[in-house]
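The structure's right below; bear with me while I get my questions together.
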Amino acid sequence: MPSGRLEAFSDGVMAILITIMVLELAVPHHRGHGVATMADLRPLVPVLLSYVLSFVYLVIYWNNHHHLLRAAPRVSGATLWANLHLLFWLSLVPFATAWMGENGFAPHTLALYGIVLFGSGFAYLLLEITLMHTDESISQRLLAVLDGGLKEKISMLLYLVGIGLSFVQPAIAGAIYVLVALVWLVPDRRLEQAMVD
Amino acid sequence: MPSGRLEAFSDGVMAILITIMVLELAVPHHRGHGVATMADLRPLVPVLLSYVLSFVYLVIYWNNHHHLLRAAPRVSGATLWANLHLLFWLSLVPFATAWMGENGFAPHTLALYGIVLFGSGFAYLLLEITLMHTDESISQRLLAVLDGGLKEKISMLLYLVGIGLSFVQPAIAGAIYVLVALVWLVPDRRLEQAMVD
Amino acid sequence: MPSGRLEAFSDGVMAILITIMVLELAVPHHRGHGVATMADLRPLVPVLLSYVLSFVYLVIYWNNHHHLLRAAPRVSGATLWANLHLLFWLSLVPFATAWMGENGFAPHTLALYGIVLFGSGFAYLLLEITLMHTDESISQRLLAVLDGGLKEKISMLLYLVGIGLSFVQPAIAGAIYVLVALVWLVPDRRLEQAMVD
Amino acid sequence: MPSGRLEAFSDGVMAILITIMVLELAVPHHRGHGVATMADLRPLVPVLLSYVLSFVYLVIYWNNHHHLLRAAPRVSGATLWANLHLLFWLSLVPFATAWMGENGFAPHTLALYGIVLFGSGFAYLLLEITLMHTDESISQRLLAVLDGGLKEKISMLLYLVGIGLSFVQPAIAGAIYVLVALVWLVPDRRLEQAMVD
């Protein structure tokens, strides 16, 4: 299968995820005294903050995923399923985001958010490895630019630390998730430099 | 109509189905004592398992559907409607999935899931037959590679067995649905081998 | 603006409308005695029937809209807004469908469904007229094949009859809406014959 | 990154936003006496009016955004994030629209709607400025046609006035939001004239 079709499909799924996630922000139903005021929106603040973080994460995946698939002109059956495995984890992001936001970053919800981030990161690494096994020439190029997936592995380690800290120091766990996002905000120069688009 | 447009439309619908299905995973609203914990997610386990199975089924359809439409450069009005008939059945998958998951694989819900799988399988076979009647040359090629739709017919028979067993041996019914998915996980080599993409 | 971009946008919107409409089929929440059974699905029958009808209508619009836009290589600002006006009416179809289905085809809901069909038909006719005013050469071709929009005008007349009958003979109103859909099921040969795709 | 990919992604997100916004129109659940009547729809009138206004706003962004991105053949990382910042604000429009509509244009909800419009306008101006810094040649062309973003800045000033008036003269605040939409309804001739598509 040409990788273009898989990329178009993945792009579609990620665009839907990003958009619907924000759309799920539930409109507060004002009950009781008087008219609706901005105060009714206060419980939504943690939800909105969670959405901003997940929005950034999903865009990072959308951006890097594109560079990765470009490295291979055609994809095998294994790559197809490795890619869908990634999309499945990413499609759990909105759920974990909403649960975390609606419960004001409660320890268990922070841990689940970290688990979904870890799963997504692992699925991404798996996709890279699968792509490397598809074609000898791709393998060499990818291997050279990815440093054996060093950045991916460090991120996964940080997610694990965040999951553990969720139960003892929730604030630090949250800070770690934000930190990893910031590190990835910089587009993956390794791939950009090594390949002609 | 060129088949490319129909394929793009079908791809769009299937991407939406796959994505939204997982997005519909309802965030549990914690009521009562203390903060949210992972225990609140326990009722979601059967729902998530159902989603994984349906995710795999929808991806299989997305993948095979692509190979099928590629066999025909242009589609007739009959093919258009046969294709939309298939999409209608597939669009019922999220409903059957959610109903089955939320009711912990209760007999009737397992049966309905099997009915929707059967309907989708039947609609797919119908699409194959319609495509064969469009063009003499396509007909010969498709006929040769599909063995008269043998795999499709066996699947439909297994769905029927699953529907029947839902009421007596629900566990076996579920196992059959999983088994058929696994059989189809292998991409349709028949089509891939016989045609140049 | 090249018409291709407007067509891609309209295709996207219509694919979303068609898919989400069916996805909105609410899973019945079983309350009370025993496990979920097929009997719980009985209230959904009118809803599903409504969805099938709207599914067919939306697909018809998707199909004919494509042929119409193909007639013009470029679109003006007026055509852009005429097209968006059509999309707005079409986006009300899922609402009218759900309201009609959930209330078992009550008179007022049948009338509203007819009003939305009438609005969509009117918007489509308006789009045809706007396209004809864009370019002299298109005008002649469209005018010749559309017979001055005769089929569109008869449909709109039938919708009006349906709206009126909703309050006295609901069954006949529903039958009229089905009848118009059947008439349009036949792809618009007028356009297909007159233009090279 | 070629700007085409960013445009396709943005188009997808905006198509989803526009469609889902209208789809979220909640079907009124008739409670109590007798059958459903048109009277049940009365509370939906302000909601529908809000949707029409936001529909027009989102289409204006979709249309002008296209012309803007066309000005640059390639986009930098900064442009990518400026664009996503715009999409984030736009994705808050459905929320603000629903909240305003469901509360019958209450002062606070009108103010929030204005804030989201202001944020979107600001994000759009930021995107223009970022694009200008990408490439010297683009900068000159954009600068010439946009008059330094005069129209954007006046709109933002009007939004600010609207936000302020929401608390004292809600009707005038609403009128201002409608007025700005009307001003932008006219496609951005500045860009169209200056560039060959």
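For reference, chains read A, B, C and D in written order, and residue numbers begin at 1 within each chain.
Here is the rule we go by: a residue touches a chain if its C-beta (ideal position, glycine included) is under 8 Å from a C-beta of that chain, and two chains touch if they have at least 3 such contacts.
Keep in mind the model is a prediction, meaning the values are calculated, not measured.
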Copy pair subunit B, subunit C: interface residue numbering same or different (half cut) = different
Farthest chain (mean CA position) relative to subunit C | A
Averaged-CA centre spacing for the pair subunit C and subunit A, given as whole angstrom = 37
Distance from the mean Cα position of subunit B to that of subunit A, given in whole angstrom | 27
Sites on subunit B at which at least two other chains make contact | 12, 16, 20
Pairs of chains satisfying the touch condition | A-B, A-D, B-C, C-D
Provide the residue numbers of subunit C that touch subunit D in the complex, in ascending order.
-> 1-2, 5, 8-9, 12-13, 16-17, 20-21, 24, 77, 80-81, 84, 87-88, 91-92, 94-95, 98-99, 102-103, 106-109, 111-112
State the interface residues of subunit D toward subunit C in the complex, per the touch definition above.
-> 11-12, 15-16, 18-20, 22-23, 25, 27-30, 35-38, 41, 52, 55, 59, 62-63, 66, 185-187, 197
